[in-house]
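Input: structures, listed below.
Across the two complexes that follow, chain A remains constant while its partner is chain B and subsequently chain C.
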Partner chain A sequence: MNTIGWPTLRSLNQEGIVFAIAVVLFLTAAIGLPGFIDPNNLVAIVRSVSVLGILALGMAVVIIGRGIDLSAVAIMAMSVAWYLQLLNSGTPDGLAFAYVLAGVLAIGLLNGFLVAYADVPAIFVTLATGSFVFGYVRSQLITQDAVPVPQGHWVELLGGLRLLDIPVEVFVFAGLAFLFFLFLRYTKWGSYIYFAGDNPVAARNIGIPVRPMLVLRYVLSALVALIAGLLTAASLHSINTRVVNSTLLYDIVLVAVIGGIGLSGGRGGVRNVLVGAALIGILLNAMTIIDIPLLYQNLIKAAILLGAIIVDGIINPRDEQTAQQGDI
Partner chain B sequence: MSFRERLQSWRYNLVPDHVVGEILTKRWTDNAIPFLALVATLAAFGSIIPGFFKLTALQESTRQLGEFSMVVTGMTVVMLGGGIDLSVGSIFALSCFSAVYVFFILEQSIWLALAASLATGLVFGAINGYLVGYLRLRAFLTTLVTFIFGRALFDILVTTYAADVQLSDATSDVLDFIGDSTFWGLSVSVWLAIILAIVTHIALTRSRPGWHVLAVGGSRRSAHNAGIRVRRTVFMTYVFSGFCASIGGFLIACRLSGAGPGTGLNLEIMALTAAVVGGVSLGGGRGSVIKGLMGAIIVLTMTNGLIRLGYGTGTNQMVLGIMLAVAVTIDIRWLKNRHKVLNEVYVAPVYLKMGETQSAAPGSGTPYELDNRLSAANHIGLGALEGPEDVILDRDDNLYCGTRLGEIVRFFAPDYVRSEVFAHIGGFPLGLAFDKSGNLISCVGAMGLYSVSPAREVKRLSAETSRSWTSIVDDARLRDPNDCDIAPDGRIYFTDSTKRYDAHDWALDSIENRATGRLLVYDPKDGSTKTLLDGYRYTNGVCMAHDGKSLFFAESWACRVHRYWLEGPKAGTAECVIRDMPGYPDNINRASDGNYWMAWLGMRTPSFDLSLRHPDMRKRMTRRLPQDEWLFPNINTGGVVKFTEKGGIVEAMGDLTGGAHPMVTSMREHKGYLFVGGILNNRIGRYKIAGADPNWTSPVSYWGAKP
Partner chain C sequence: MKLIRTLMAAATALAVTAFVAPTFAADDPGPAAYAQALKGKRVMLVPLAMGFDLAQGWAHYLKTEVEAWGGVLETRDPNWVVDAGAQAITDAISSDTRPDVLIIHAPDLNSYSKLMKKAQAAGTYVILIDNPANFPADAFIGSDWDRLGQLEAEAAIKGCGENSSKKIGLVQGDQANSSSLYQYAGIMKVLDKHPDFKVVAKPDSNWDATTSRNVTTTMLQQNPDICSIIDFWDGDATGASAAIRDAKLDGKVFLVTTGGGEKAADCDKLQDGTYGAVVMTDLARQSGDMNAIIKFLLQSGQPAGTSHTYIYTLEKATTKADLKPDSCWDLKALQAQAAAK
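After this line comes the complex of A and B, so read on.
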């Protein structure tokens, strides 16, 4: 792997370029924008990308294994919305949490099962389950778009937690990033993900349990989404299910892809997520300070994502030999 | 017959098991599931919602259907080309806005608005096409991003100009006409959608660009190797999709006289679900516009029905999610497993109790008793021939035979050492016969009836007969033409052994033992082919009787020989002349002494005869055992039998060593010698017949001395 740092000609890869752009952007903003370099703003930047980064960690694991999880945002918002709804209607906390955890695991397992054992392309499975999760929870389990956190509940307290004036989600993001780093780098199962993402058929031929590992990835992604949802609810004191229809999902993909995790699988790691999250965090914060309307921000983000996908397509061209029918 | 056997015969001979397999081979079964889903959906909602089928209600929902099905048509074409277009919702919305902007704000004519609308769609489609087709990016993610991009753009435009549109007082009769009026009960948008669907369907199925789309979707690499411009074809599918979505957008602009934040929302997932539910395959190549339309009706009925039933926010997404997941899974599993299911159910054995037979064992004293005479035959073309099923000699004593390689090989008289490829036909040339003018007529396995002129020109005479009304499998095609012979009037009588299996799957036909063999006649005068007899167990050799008034044909798996009358009081009927032989008969040819030679391709065994009485056992065998462990007719020993016109057996000879001619599929007498061929043998045998007429030849016997 190449080292991060000032890119020499030899180590000029996407990750390095993006890191350099992030640094340049950071310096430009620090000089040009009033209030950008303020410590409070820097904390705000890190805080704003924490949830995005956590979701991107789950997405990264799935993408490295040559999949994608389009249901992540739906799971994030709807699981927590259901949890809060249960609490508000008087269900005991433990029982409510058990329900929600079971639901999240079930969706993760369903995603994994359909992708691994029914051979349905991940993109369709997760598109369908995402739509289903949103529709089912919204129409059957909750009554309005936004569900507030009950007074005095631990989720609310979690949102107020500070350490050295830094909000708790930053630590959660850092901790999860470290755990994922250990998992991907030093465990056998982590290596399996890279093998399967690089060439699923070859991985299967040498005896790697490709299918159970696939299921594991989608379950992991679903659990990560639940954590991200709890943190969101903690900081906002409610969860708004309309987030499912926003562009958050594409921001997650953007963070992963722009950090240099190739969509054809087998490449990248936690560091790429951090780099991608840094760039997007700085960018979003700068755009907010310049006071660009949200609609235009979406346009800019979409343009950047399109550029990232084009670059990704050129850097990691699709391998016609291992690409499968219906892998679109 | 025991009670168990009677039950078995009823179960396996009366229940038409084979129909299931034959239906599954049909391509239209792909349409059956979406069609049933369509009927079920309409029936369900029609019965739950009062007044669902009322004309006014239908008109309102069909207006929406017109716009939606256009988008689905575009999506279908993209999916057939192996891609996907998620940006249709954005294109739809932006085109709608373009029309609204040009008409209401610029206050231009409606036609200019239409042009702006189409231009928007085409440009957007071209961008998608360039990215996916030429840059070869992933279709799903790329169009997802262009979708977000387009949506963001649309949201900005709508919030900026919404008020201006409200204040505009532009009106147009054309706009009202397109938006509101109906023709024969259907709104303009529906008519346009129908026209678009018909044109697209014809273009896809009957034009070169359409075939290119299907070829690229079916197999990108093969299409590229075949010289199709894959990238341009993919590009064009996206442009077309953009075009379709923009017409839809224009229509909704006319209908609603404006554009709002909800325009085209969730349209992409609806269109995708519609296409997949209709049965358009992901990954391309399989599907049709009609399927897309069926899906569109299902999806729209579902979503509208749920709204009218009063279910709340999110129900649509839930139902769409379930439908998409189920349809995609069924599509993938069906594509993957269809041929497996087919293999499982296609072979449907029937019950048959073979009659008691006389022994053919050496020393048994029966007329069928085999001896070892054929092992003394000289060999021709040893090691150079593969599968000489039939042999024949011309007036100049040259020897011809077909081979497994699709060729007819000629060995030159007098020593038959030198040989050449007389003609290359392809397939597997089986039965041979010379007609009056010296053309070599051949039944080519898997292809049809062919003629090779003395100048070696190959001509197809017939590859099909008339189709019968009751058959599910296409029985017009000749699947296994086996042997032919020519009547004095020039008509060619030939057999087609089975309707259900291709020539190389003859073993499966023997295991199934279903009577589907036919006797056919080709008339060279008008080039027609007619089916004379049907329902025999593997019709095989054909031989014109010496007087030319009847013919003999063999029924291999039933071990019988029949006589079919061409003239006389019994004309057009067949009677069985030899039954319950100990061997499976193959080709039949004339002998010099007025009798007939018949080849035995193999011998009956008690074990296989017993298995014919146990169709359940044979069914299990074909499903559970690998092919090389199946029990099927013994073809390791055969022989040559001479029989009289009345069906009496004169003599039988064989090769008991199994070294030279273990099985025999044909023999031809020529100037005192018998030439012996076998489909699994690597040589032709030449055997001197004791006491045979040394001057008798088959061409003279058929067509007289040389003119």
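After this line comes the complex of A and C, so read on.
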């Protein structure tokens, strides 16, 4: 019997578990680690997961619609690298940005089109387009892994923007999170994403434009990746395309999934991304303060994530529907 | 009688010299032997990736020289992927056009050891560059990373000064790459001799600028009075410098790093004060060493794997004060030069 008050064990889902772990970690670190609770450190924590969180928002929308976008990191790094390369070789800013925006939209549309109309599984489409974007831009459009931001360019100035000593990324992350929240929660289109993710066939039968909506999600994800890339370049004054080879892509999926957005689609929201990002941010910051070597950091991160998934599996056994449909 | 004999001998000797000397001068056997040993020989460079300054510099200097003696220089781009590098080496060994010299930039101590052994067995000389590995190559050419770490630590101590907090932070690369491990060992050797200086934190960046920024932010948050930070590579030190800038500690934290001495990556940043000191590799000289050892090995006639030579590049910590117009090499200029050809 459910009563109002403390949540019962049954009602505790993965999001709740991860949130609880994050709170426990936060309190432990606040008590045990000097300087952790310092407002500047808290800002640094949020900032360190801002770009990750922004990318995870885009990924979340795609996953809720029962897809996945493995090209996000490639789009993020390569679009901005190309943009900076164009600027460095003297292309006017407006024109360079128009090129890059067109390129990003084209890849988003291509992803969406192949998934929606050619019926190719999203995981293969985006894996391929991601590799294509990286390979094409790296070999044809830029000369080096790292491309610097031209001096005095607005991207460089963007990186120096502060309000109340809080870096601009944090506001962009917060703003985008709010917009995505409004979109998913209060718009017709947002609801359609849940319907389509939960049961695409039924969604189509009741007249929801499932396919155009699918295309929209991949375009959205590509645009979000461009924003994340611009913010990265703004902070570092350059972009290094090596990030495409890093574990960033898995971290994005992780933030979304660990927060409780099911890979089977139709479940979750912005709150899950925030919870997932909070856990990762607190964890990494605390481990850096304690000065744990990276190898152990990865081990601890993996162990906590694995633990959360196992606990979720025990508390919330998979239902008949998921078992039949499967997830990614 | 004796005098006459001596005179005659002298005359004969003179005559002989007079006859032989001109033909001697016209027929130095060196160039012919050199050309015969080198002409048409194949050299292959397999760096960690072709997309960064060091590799592009090496490739440029090697190509110029190898092509000048009638050889062929090929490069492979594993793009930081260890498997892709292994594949490139495997393919090279078994191809019809097996390279005579393989120049390998190893990603870690062990990954390519077996392949390098195979290459030597097939008759290819193996030259390791930049990163040492657990393998007796025909030659190792690169930095003595231990010594390089010592230079970094000395620069950091000098940058801090006597009246500072004497707190130093390290941003290491990772715990697998020999350049990171030996660099750390070298730094600690110097700091052991200066017990008043303390390492307050030593996170890893995993060679990634964003990670470097995040860990440096935390490090400065915890120890705002740090007087110097040593980041293990200029490829990710842009992150550490961003963190210093964001913490408004420019000019207060002396950032030391190491790099290939490329103008935009190192000298420009020393000039604008982003870096306090950079231990720079003299890339042209390092490439010159490679060229010399290639020419030596190809003429030696010895089977691959016979000798094991270590040629460490002379390293120097450069600061803004001793920056000269020729302190760095310019990748853009090299690229423009290559494009003009």
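One rule holds in what follows: the second predicted complex is superposed on the first by the 283 of 328 C-alpha atoms of A that agree within 3 Å, B and C clash if a C-alpha of one lies under 4 Å from a C-alpha of the other, contacts with A are read in each partner's own complex, and residues count from 1 in each chain.
The rule is short, and it goes like this: a residue touches a chain if its C-beta (ideal position, glycine included) is under 8 Å from a C-beta of that chain, and two chains touch if they have at least 3 such contacts.
Given the structure is predicted, the values throughout are model-derived calculations rather than measurements.
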Discussion item. Just to be sure I read the superposition right, which of the two partners does A:I123 touch: chain B = first, chain C = second, or both, or neither?
Written reply: first
Worksheet item: What is the contact status of A:L114 with respect to chain B (first) and chain C (second): first, second, both, or neither?
Response: first
Item to complete: Determine, under the contact definition given at the top, whether A:A303 touches first (chain B), second (chain C), both, or neither.
Response: first
Worksheet item: After superposition on the shared chain, which partner residues are touched by A:R138: those of chain B (first), chain C (second), both, or neither?
Response: both
Discussion item. With both complexes overlaid on chain A, does A:L157 touch chain B (first), chain C (second), both or neither?
Written reply: neither
Item to complete: In the three-chain superposition, say which chain, chain B or chain C, touches more residues of chain A.
Response: B
Discussion item. A:L263 in the overlay: touching chain B, chain C, both, or neither? Say first, second, both or neither.
Written reply: first
Worksheet item: Which holds for A:A98: it touches chain B only (first), chain C only (second), both, or neither?
Response: neither
Worksheet item: Does the superposition put A:A44 against chain B (first), chain C (second), both, or neither?
Response: second
Practice prompt. In the overlay, answer first, second, both or neither for which of chain B and chain C A:V24 touches.
Written response: neither
Item to complete: Enumerate the residues of chain A that count as touching chain B in its complex and touching chain C in the other.
Response: 138, 145, 295
Worksheet item: Hey, which residues of chain C end up touching chain A in the complex?
Response: 49, 51-53, 56, 79-81, 174-175, 201-204, 206-210, 213-215, 217-219, 221-222, 235, 238-239, 242, 245-246, 264, 331, 335
Worksheet item: Within the complex, which stretch of chain A touches chain B?
Response: 68, 114, 118-121, 123-125, 127-140, 145, 247, 250, 253, 263, 295-296, 298-299, 301-303, 305-306, 309-310, 313-314, 317-318, 320, 325-328
Worksheet item: What part of chain A is in contact with chain C in the complex they form?
Response: 34-35, 38, 40-41, 44, 47-48, 51, 138, 143-146, 148, 159-160, 167, 232, 235-238, 240-243, 245-246, 284-285, 288-289, 291, 293-295
Worksheet entry | Complex contact set, residues of chain B against chain A | 82-84, 131, 135-142, 144-146, 148-149, 151-153, 155-156, 159, 221, 269, 272, 276, 281-283, 311-322, 324-325, 328-329, 332-333, 336
